[in-house]
Structures are given as structure tokens and as C-alpha cells.
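Please go over the structures that come below.
Two complexes come next, and they have one chain in common, chain A, joined by chain B in the first and chain C in the second.
Let's turn to the complex of A and B:
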């Protein structure tokens, strides 16, 4: 939508495609196969567009989500109200975000009554954010939103973050106006100077200032069509973005706790590591301060934590486990899109799922590296979920990882 | 010895099919050269299988398909004199298994949901070069709610231990291969939902430490490249995986001018 400003045609200039012409009935007068075909085609097109090759992605992300809580969020064009719909989708978003980016941190802000309030600080703990979102449901939406105040507050939080992380702000804006104390252009300039990327999702109509903010900081601006589209737009933000400009790379010190009791090289874990101890994650809350032998010890200072990933409060070391880092590895080795071919008589079965190819399936897909044929469903499954080609993994030459 | 292992596996497969009429079975074999679907067979030729009188037809089919498939796989391995050495292609076999599960779930109607699980019976040690494939498979299984169990003969495999832990499955290292069938029927035949009511071998403590990319040694505290997330045991100037240079976080050197001024004053 960002580049359509200059070349948009008006409806009477036939600038809109006539989607009803694409649907045709097949011989029996049924539309099902045609519709399924169109859906599959759309999925493949979208998946192929996303695959842009191995570019630098921001893996460690610090993201602030700004939720508009002004009076217009009580409108019922999204059921039950805009605000509740957005909160529900944000819970899903938080879950998927930490699933896909385990070492990232998230913070939530709201804006109403011409001010902005911080609901949660930047943290990597999924449960805290989801609880905070659930408590937000009782919040009353009133007043006017303030784009500048919320951006300034988010910027204050992000300024102190290390340079190698990707700093982002996601704004869910439902109003058509904003009430700012100063010049928003100055805010935009300082956002750009601090390498912060702002993406905005509009819930009402297209607002010019949002378009400008997104364009200047390198983010995206989208306005939703309906609630399914909103879900799609929000979940698009889960994927790590390509690095805008130059991101300083550096080596980050991280701890990997959780050694087995008897280590192979002769040294055994001291009994102190598994003695019951208070965990540092719950020590501040009066009600639930857990004690027990289970948990992870920080290798640098020895403090105990219940869950990973966490930042050690005592010594500041980030504690992760190897699978958390491995979850992001598939972005670094993306699979090249499969080539579409017409069905050949020799290959009777799909390589991945052993399905018999029927006559109705016209197109099959072939991997460039291993030349194995898979069906359409397996192609989508491989691209979206599995992230490895079964053919390449089953071939002794291509199965070996390309490392130094 | 191998015959006894195959007999045990076929008996286990048939025992699973016997539990309920809607149970489904698929068997995939792999060696260092290829992976193959043993059952359901992808051959397409309907082989005539002789079943003993009174034997359920499906059991006879499983038996004959598996034996035939294994025979072909072993013959292919022996005749192929390719010199490429590789570890056992377990990752590829698991990837195909997950695709098969995904397909079968799509084909069934919504009322008949499967509770899928994968049992890996292996004797090979870990292959560090297939790490990516294994991790992708484990995360996919976690997302699709597939439980991965593992029955290891001979050696232990740290990667498969991690996989069983991630997906909530059972990992077992068998002390003697002669009792394979007994272990399979005892530990792995019950479905995950009723495992909480049965006394099973205790879970092993999984070593989640990462191995550094330079020496493949396990590290407690490591240095992680912020671009490609590869792990190193020592601080270095450049990342070997993605070739990015790192900024050294040193304090700024005091310029010479101010030193002169201090001396004069």
C-alpha cells in the first residue's frame, strides 16, 4: 500500500481487478475444486514472496506494542468491540512472538486521554505479558490518543538497549486524529537517529502522518479490511524483519545452564547446585516464592531460576538453552522455492507423504537440490512449518550441514 | 541378530494395529544412503503375500512389505559403491514421517482426530552435521502436537534426548537388545494420554548446554554472534559463520592533546 500513492487509479478507470471473473465452474457445475485451487495458489504466491533469500535478519528484537485505548476503540465494527478484539489477537501474537523469537523482549504501552501509560516493561517472560493483557480488558477507553507521547515513551525505553538488537515499535492505531504536545517531525527524526523502526496497523482509515512515520523509519503501514486481515497483519510482525541500514554486530555473552548431574569429563556437579533454593524470579512476589531442587543455576553467579530464557538479575548474564537459539536458525538457511512442474508418469508418489498422485493434480513441485517431487500440500507444509526439505535430508550428499 | 530385531519391530507394529481398529501404522527405514517408506509401500505392485491360516490379512501385509522393503534397502546399500561417507539419515526419515502425519491428518474428517506419535528405534550416535534438520523436525513436531519417543540400542544420543524432552516423549536406552520386543511393548505401546497412569522409566536429565561451533565442546558460558546466533567459546574479532566483524567494546582511548595540557598545567 505504501507505494500506491502515486500510481493509484480510480475505480472508473478499471483500476480494480474483477475478482469474480476468475471463478469458473468445472464440468459438474461444482466450484469446490476451483476455489481450493485459487486458495492454494494464493498461499504459494504469498509464501514465495516472503522468501527473499539469506539476508541479515534482526534476531534479538526489542519490541514495544502501543495499543490505542481512546474513545474510538469502543466502536463495534470489530466484534465485540475493537479494543477487545485487538487484545485477544495480541495474546495470540505474544505467544507466537516468543515462540519464534525466544531471546527477544516485549513491552506494552497504551495511549488514552492524551497521555501514554506503560502496562509492562520490556521483558522476555511470556506469562507476565499475557496476564497484563487479560487485565487490560477491564480498562475503559476514553479520551484522545497521543501518537507523539507514546512514541517518545517507547523510545525512552528502547534507547538504552544494546546496538546489536533490532529496536521496533508496533502501533495499533484506531483513531483518525492524534493530540500531540509538540512537533511530531522532531520525534520522527529522533526515532530515525536511534535506528528504531515503527510499524503501524490502522484500524479505521488511512492517516497520512502514520504513513509518513512508517515510511521514514523503515516500517510498514497497513489498514485492515476485516478481522481476519487484522490477524494476518499482526502475525506478520512475528517474523524477524530484515535489518534496515547498518546494525552493529557484536558477540553477546550468554550462559547455558542445566548441566547433567554427572558430566563425562570426570567433574561432577556439586550438590549445592541441586540443593533446594529460592528462585530469583519469584523472590519479589510475596505469595509465590518457589523453593525446590528443580530449576536452572546461572553459571556465573549461581542464582536459581525456574524457567529459561531469563536475564540474571544478579550478574546481568542472559541465560538461554540451546534449542532457543536453534529455533531461529532456520531463517539463516532458507529453502529455495520449489519448481512447479507438470505431472510425469514415472513419479507415482509424493516423496514426503507417500500420497498417490491422482489425475486431478496437475502440478507437482520439485526441489532444485535433490530433485525429489512433492505434492502441493507438502510444499506448503515444508515452506511454512518444517523448514527442511525431506529430499535433501534423505540424500547423503546434501544432508550434511554446510559449515566451515 | 538383525532378524530378531526385525521380527520384534514387525510384532510391535502389529500389536499397535491390534489395539484399535482406527489405529494407523507407517514404517520408515533409513541408512546412511537413503530413506524408504517400508509400510505403506510405495511400490505400487500388489505383491501376493502368503498368510498363515487364521492370520489377519493386514498383519501379513505389514510383515511381507517390511521384509521386502528392508531387503531392497540393504541390497541397495551393498551394491552402491559410492564413497560419500555420511551418518545415518535419521533426520530425513523423521521429516518424511512428519509430512506423512500431516497428510493423514488433513485427509481425515475433523471428527476423527489423530493423536500422532513417532517412535525412533536406532543404534547410531549423534550426527553433528544434521543438527539443523533434527532441530527443525523437533520444533515442527512440537507445533503439530506430535510426540517423539526414542528407543536407543547401544549408544546414547543427546540430540534425540533433547527431542523427546521438547515434544514430551519417552527416551529409553536399552541395556540388552535381546529384550527389544519386551521393552517396546512395555514402554512404547501405550499412548501418551494413558502414560501418566503407568509406571514408566524415569525421565533422563537432558543436557541443554550448547556446543561451540569451533571445537564442538559443550560450554557453560559462551559468546553468541548477534547476527547469525552461532556460539563460540572464546571472544574473537570475526564470526566464522557469517563473516561479520565485531565491534570491540573497549573504552575510548584518551587523545594525546589533553595529556599534554595536563602536563603543562
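Let's turn to the complex of A and C:
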């Protein structure tokens, strides 16, 4: 990275890092070990909450990510700097986000020098976002951030999104102060009125106003402990949130553009569909405008797009492909949380990963349906990644039932 | 929940209890059983008030004959209101559990200013004016005149109370100030006199310290409280100063000039009266000859002027002949005032004992001790006789008469200091006579003697053994409780050097050193960059604050600081300070963050809580020693050394450390709260200073955090703040620092509590 040369400094110039302290066991049982324990418990609690509480999930999400680019983002408590670390993790986040929420859209803002800047507009194209993030690395961080300006800006972008979608803002906030032009309480109120959920991840310490914003708008507020924790916190935002009661449910008109231009079975109208044409996603950028036969045509107006999902610029139809919908589907049928058990004597190993249960692990987890027992790691993995219970899936009876 | 505290059934109005609350109850019960006094230190934010109330109420219910009344003394009106709220909660809980109305009457009492409901008098802002106007409407002679002539205004509320209120006591319940006012409005009775009247039969009385400690007020208000009462002094870490202030008098030149005016008024009134109504003066003369004590015939409303001497000291004697007639007395007063005026004409500081003063006044103006001693009482009597209804003008004269009475009554424990100018401005002549009480035990002694149990409690009483010495009493229980915490939510640190390794200290020798000032500045800037929201800094004095801020300005530190947070400064002007505070809170609330620079012993350090985000960090720049050049302090130190064998240094350190602890405690107002406490002075790490911090702070002050540089300190802060920011809910506390009834009763916990009790 080009940037690294600038920010590189000698080892003795950096802050005290007592790495041995992180692994040290505490004599008075109060410090790190205890806090880590709290974090682990909170993790499980969050996971459990997510699965049990809500029935309706905001599958269609419109999310603005606000990245703090103020002077304090150059601090090196995250390596190499806070800013670079956050951008790197955001790339992962964007990727995961579109993986799990294929019919959602995302936009990126930064805030510095008491102002807020738009980096990308709300769009469903992950490549564009990742590119933009990579370009951001050269940005110099300076001045103070403004929470209010960035929230207002994001709100303006989100206000007009359809009511059935979940409107969200994710703020990655490194600074401990915000420099606002007006009364932030008013902004909070209008955020609330617009049903926009603001989640904030603090990079340094708990700031009261962030806590308040998150609480009032129904979002979450977390502060990282280290970079691993930060990754976890960011990736927590990938899961679609439960809908706060007021969101209206409605039928959404969607278009499913024909899949492959080569196999033309005559169902779509004509060969005109696949005549070379400019795709609308790139028509504005002069350098990379693509003209070719490949792409997806909007079934309503015939505009060409090179990627799905996207909202048609001409007629406003949401264009998706069937697999996208299918992937969003598991959010609607989350697996039931596993029951926490004290170690059972009969089963000596985890059903999923076949690891032997050791004495140190006090709790194991049991699936309600198939009564298979798994370890904590598998429990989290099943819940967060697989979304299906290996026990149930491998049992012919229950698997049958599910498909029926 | 219902608790069993050593055999006593205690109703506790919450579902959860802190372990230290239970220990507190155990200790308190032991003190009540022993009918002795006790000193209890428990950190702020651990529910002292509710613990005290629930145990004492339970005890009163269980032993109605041994304990009849609870007198709860607090410092400020908001604190009084807080106590009343807790009491109400407790009573509601009792009612819910027992299913019937409770026969307990609790009420708050405050000054007329806070209780008056008279349409025009209550509009007055100043307490003295309200008192004066109330007196002019309710004094017995005013009412007598009203009976004769309807045009004389009286207070209808007082009349209503006087006519009916005395026969019908307040129904049982909990009355805070607003409730009293409401009740008064409803019945058209005066709430103030209703409350004062009710004190005698109320079960729980909540009022300010002064109603018990200041002899001038205590005589009027608290005379009839029975011996079988328990008296609680909450937030009592400054109780010795309150005692001393209540017995001290300060006389300036201006005050004496005003006295002369008052005396002229007296003279004219007397001569007028002599012409019109000489009988009245004769009657007064006769009464004085008989030596009847005023109190026996005086009506409650007439007690506007009172004797500053403690009850036991007043002799049951007739007023001496020399001051019996009004003219003689006024002439006598004139002589006293003139004498004091001549004494104030000094070029250098004079310090003398009361005995020396008496001898001098005797030789110079031929005034004996005895008439001096009666001057306060005689003045009160005279003003009553003359039917002067506007008392506000006479307060200077009253002060002088108090001084005269006090100086002739006490020969020990007091000193007189006359300074020709203030220390700050040695060129401006501004003579002041201080009559200063040196012995805090004088004012509080009657309280200890009179009541069976006196509880002195606060968040910061360490070192505990100093209080019994300076207040001269023998507590049966002396305990300091720590705070059980599920997470280390206070982080005390001693920062002794800057990044350049120059030691930080507010010592006199290094005070002006730019390196030290710069290091202090850098510390603040770095902490401000690492700590969110509010930071409160305490300096040792206003003077020091000013010099430091001006040199920070020159060094550019203020600019750096303002990049992170807004800056607010406490000044000696109360209005300015409260404006700064309001904006400080605003800045913290909306995320801008703020730094408040204030002074230990100032208004901010005593009464204002910076909970949660308002005080994430407290910095103590230097050790807040009291101004040691003050002659009053030196006299007191000398006295303490001679009378109580307390070394000067011990007392100074004690005093400094309790103020430091008080400042540090500002940021910690409960178990969900968290805050950093930075002691920025090399000297704090010495054992004699460190060991005087309250136990609950000491416990978290690790040896490794006792000698840090700025950079180390900031690193520790950063890590700790991240840990504290992790989600923390009630479940995390349960079982460790918060107990349900079952958990409390579990054997393991009982064992722990027993151990704790023995450990102290």
C-alpha cells in the first residue's frame, strides 16, 4: 500500500504495547478475563435475541455506511492505522453484506473537517463500493468529524426509499467529539420519524451522544476492544435486523431479467434484447462504458444492465435474479436457537465437528428438533453461516419434513 | 424484600440489594442496640440513604420505646428532597406489604424562604428578607395591633394555623417541602409554622445541619426533640467546619458603620416611645429585674433574634442592672461598637485570647464581662419591646451583640484575630476582626450528649480516626465499607511525572515552574484526547487556577485543548459558575465534550455530581492543602496540637486528602457508572497521603499505577475505557455486586458478609 510509507514509524515511536498483559491471567479476577467473559456472553445473547425475537426481517435494506475520517483516525492503536484498518474491514463487510442481502443497497459517506462527503451513492453494485473504498485509502484524515452533518446527509438519501425497506445507517466513529452546526437532538428526532435505524461502532470509548442516537433510533452501539472484536462488530451488522413494528408490509413488484443471452428459447421477445447496447450502469462514466451483447434487460422498459440486483434507472423496477431471492430466504426461516445444556455424559464429541468435549467447556448446545449436540463454536457457526442444522439436514425424516 | 438483619425484620423497598448495604445495616443495628454513636463510611452511589431509612424505620417499629424519632440532617434542599423521595418509596412498600396505612409521619423542614406560601412574601428571593417580612406580619405585637386596628397587615396563613392548626396534627404520611406547601394551601395554614410545630411529634424529621448545630437556630427549632432519637448527619465529611462556622463571627469596618446607624434608630425609637408609651419600657425593665427568661413567655414567632450561646451555658440569672434600662443599654452598645472600631484601627495583625480582649475592654471603656454576656438577649428583648418589625436593618448590630455574648461566655477554644488588610491586597486597608472558633467539638457536644445515637456518615470520611478526635466523642462503631463491583469501574491513578520525567507537583517551590505547568497542561490535553465527553479538573485554589490558565494560554495549551473539547472555568461568582455548568452539561450531552476547570473546596467540588458522561475523568492537579498562611488556620492548628495532640501536619494532610477524595468521588455516582481518577502530584504516592484515601478508592489504586508518567497514564486510560464501554447489564452484576433475597441468604454470601464485618 502506498499509504503505508507515510504512516510507518519506528517501533519505539509507537505507544506502549504490553502484549503479555493480554494473555496474563488476572489475580483479582476483575480485569481482562472478566471483561472477555462478558463479551462472550453478550455475543451469545445477541445471537439468541436475533433468532427468537422478530418474525419480520428487513430483508431489503438500504444502508449508508459513514466512515469517520477525522484526525484521530490516523492513530495507530489499530494497525496500521485506524482508518486503513476500518477500510480493510469494510471491504469484507461490503462483500458479506451483498452476499447475505442480495436485494439490498449500500452507500458510503465520510466525515471530516466538520463536513460530510458522499463517496458512493446508494447502489447494489458491490464492485463499485469496494473500488471506492480502495481509493479512500489515500484520503488524508484531518479535522473533526460531524455526526449531525453526516446523519442529515444519509437521511436525505434514505428518506425517499420505499417504506417496506429497512433504512439503516452504520457509523464507524473514531473520534470522541463531534462538531455540529445545530441541535443534534432534532436530527435524532427526524431520524426516528423517518424510521431510520442508526448503529454506531465506536473505535475509542463510549461517547454519550452515540449511545443516545443508537438507543433512540433502535440501533446498536458498541465499542471495540481490539481489531478482532471490531471485525466481529462490523460483521454483526451484516445480518438483517428485525423490523421495528411500524414498517409496512407490501407487495413489491420485481423484474426477473432473462438469464443467459445465448439460450434464447423465444420466451423473451426478440433478438433485439441482446443486440449490443450501452449498459445503464456505466453509461455515465466515459472511460469504461461497455457495449456488448451481454447483460440483463429490464423486462418492463428494456434497459440494459450488466449486473444484478439493481433498480432500473428508467422505470424504477427492482431487478433481481431468482437465486438472489432464494439466498435472502433463510432470513425468513431462521433455525431455532439451540438449548444450552450442561455437558451430557453420553455424548463425548460434537456432532458437527466431531471435536471431543473437554472439561473446560461447561456448556454444550442441543438442537430442539433432532436432539443432536454441538459445541459452542459450531453453534455460532451454524447460526451465523450455515443457517441450517446439520443434524436435521442429515436425518432423512426431518429433512423430508422441511422440504415438504 | 424482607431482610433479617441480625434478628430484626427490615423491609427493604427494592428487589435487589448491594452486599455492602446489608453490612451497613448490620453495623448500624449494632450501634442502635448499644445506644452509642457511630461513624460509617460508604461510597457514594451505593444507596446509603435508603439503607439508613429502612433500617431505622424497622428499628423504630420493632422497639417503639427505645427509639422514637429519626432526625436526618442533610446539607442542601435537593438532598433533603432526595431523602424524602426514598422515604416515600419505603413507606409505600410498607403499605403494600402490610396492607394498611402506616402510622409514621415524616416531614422535611427548611427555611421560610422555601416554605412560605404568602402571596407577596414568597416572591422574595433572599432568605433574610423573607424572614424579616414574615416577622413583620406574624410577630405577636403586630397581631395585637391588628386586633386593635384592621389596617395593620397580618399573614392570614399564620392566623389560620394559629387558630386551628395546633389542635389537628398532620395525618401520618410523608411530606416533602412541596407537599407541605400544598397541604398549607388546602387548609390555608402556614406550612412553615405547621412544620415547626409538627417536629415535636413527627417520627422522621429531615432538615439541614444548621437546625441542630447552629445554636442560634437549634434553640428555636430543635429544642423539644426527645433524647431517644437517632440523629443522622449525612455527607458529614465537613461537619467540623460547619460546627466552627456556626460559632464564629466576622466583623468588618462597614458592618460597624451600619451598627452606628442602627443604634441611632434605636435611640430615636426609644425617645419616641418614652414620650408616647413609657409604660411599656417600664414593664420591660421590671421583667428584666425579675430575671424571667424570655423563652417562657415569648411566642414562637417572636424568636427572630436568639442567643448564639449553647443552651447549657446560659445562666438562669437576671439581666445585670447596668443594661436594664433601654437608654443605658443603647449607650452600652454604642461603647462596645466604638471600642471595636478603635481596635480595628491597627497597622499590624493582632491576635489575642477572649480573656485578653475582656481585660482590655474593661480597662479601656470599663465594660464588665457580665453585661457583655447578656447583650444578645438584652438586644432581642429591646427590639421586641420597641416593636420594630423590620429586622433586616439590625442584622449588623445583632452580629456584634452575638460577638459580645460569645466572647464573654467562652474563654477556651476561641481566638480573636484582627487583620488590618487582606493577604491578597496588603496595601488596601480593610480591617477585619475575626472571632474564630477553634474547637469543632463545642458546637456538636450538646448533640452528642443529648441524643442516644448520632450517626455520622459520608462517602468520604477517611481517615476515620480523625473525626472522633476533632469532634471529641467516642463512637461505638467506626467502619468503612468498600464497594463490591462486578467490573473495576473506577480507575484511580497517580501521575507523578510528565513525559520529560520532570516531577509534577503543586509544591510551593515548584508551583511557578513552567516545566511543571506545561506538564500539567500536556497531561490534560492528552487525557482530553483519550477520554470521551466530560472531564472535570480540580485545582488547589482560585489563585493557582488563574496562574496556570494564563500560562497555559501563553504556551498554546489552551488551543490544543480546545481542539478536543470545550473549556469551562469555575469562578468565585456563583451566577457565572452556574452558567458555565449549564453549558458544560450541554456540551457533554450533545457530544462536543467539555473540560471544566474548578477548584477543590469550591461550589463544584462540594455539591455537584458529575455522573456518567458528565464526569468520565476527574483530574486533581496538586494536593488541595488549605491556605496555610491563614492566621485562623494556624491558631486552629495550634489549638488542635495543644488540646487534642493532633500534629499540624496530620491535620493538614487529613484535610487535604478528604477534599481530594471528595473531588474524586464526584465522578462516581453508582455501580453502573465508571470514571477515571487521576491524582497529578508526586506527593500523592507517599504512604501518608495514599493511606488517607477512602478504602473504596484505595482498593483500586494498585501499586503499579502509583508512579506513572503522562504517556503511561493515557495508555492505561484508553485500554480501560474500551473495556468499560462493553455492554453491561443488571444480569452481569447479579450475584456479585447486586443480590436477590435468595442470593443474600445463601450461606456463602452470609459468610462473606461476616468476613467483611470482621475485617474492618
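Assume the second predicted complex is superposed on the first by the 274 of 404 C-alpha atoms of A that agree within 3 Å, B and C clash if a C-alpha of one lies under 4 Å from a C-alpha of the other, contacts with A are read in each partner's own complex, and residues count from 1 in each chain.
Criterion: a residue touches a chain if its C-beta (ideal position, glycine included) is under 8 Å from a C-beta of that chain, and two chains touch if they have at least 3 such contacts.
No experiment lies behind these values; they were computed from the predicted model shown.
Participant: Applying the touch criterion given at the start, work out whether A:379 contacts chain B, chain C, both or neither, answering first, second, both or neither.
Facilitator: A:379 sits against neither chain B nor chain C.
Participant: Of the two partner chains, chain B (first) and chain C (second), which one does A:317 touch, if any: first, second, both, or neither?
Facilitator: First partner only.
Participant: Between chain B (first) and chain C (second), which does A:152 come into contact with in this model arrangement: first, second, both, or neither?
Facilitator: After superposition on chain A, A:152 lies in contact with neither partner.
Participant: State whether A:325 touches chain B only (first), chain C only (second), both chains, or neither.
Facilitator: first
Participant: Taking the superposition as given, does A:176 touch the first partner, chain B, the second, chain C, both, or neither?
Facilitator: Only chain C; A:176 stays clear of chain B.
Participant: For A:255 in the superposed arrangement: first (chain B), second (chain C), both or neither?
Facilitator: first
Participant: Which partner, chain B or chain C, touches the larger number of chain A residues?
Facilitator: Of the two chains, more chain A residues are contacted by B.
Participant: Going by the contact rule set out above, which residues of chain C touch chain A in the complex?
Facilitator: Touch residues, chain C against chain A: 485-488, 529-533, 563-565, 588-593, 612-613, 616, 711-712, 715, 718, 721-728, 732.
Participant: Which of the residues in chain B come into contact with chain A in the complex?
Facilitator: Listed in rising order, the residues of chain B that touch chain A are 26, 30, 32-35, 37, 40, 42, 44, 82, 84-86, 89, 91-93, 95-96, 98-100, 102-104, 106, 129-133, 135-140, 143-144, 162, 166, 205-211, 213, 219-229, 231-232, 235-236, 239-242, 244-247, 249.
Participant: Taking the touch rule as given, give the residues of chain A at its contact with chain C in the complex, in rising order.
Facilitator: Within the complex, chain A contacts chain C at residues 15-16, 30-32, 34-35, 38-39, 41-42, 72, 77, 144, 147, 176-180, 183-185, 202, 204-210, 222-225.
Participant: Spell out the part of chain A that touches chain B in their complex, as residue ranges.
Facilitator: Touch list, chain A to chain B: 56, 59-60, 163-165, 247-261, 299-300, 317, 321-323, 325-330, 332-333, 348-355, 374, 377-378, 381-382, 385-397, 399-401, 403-404.
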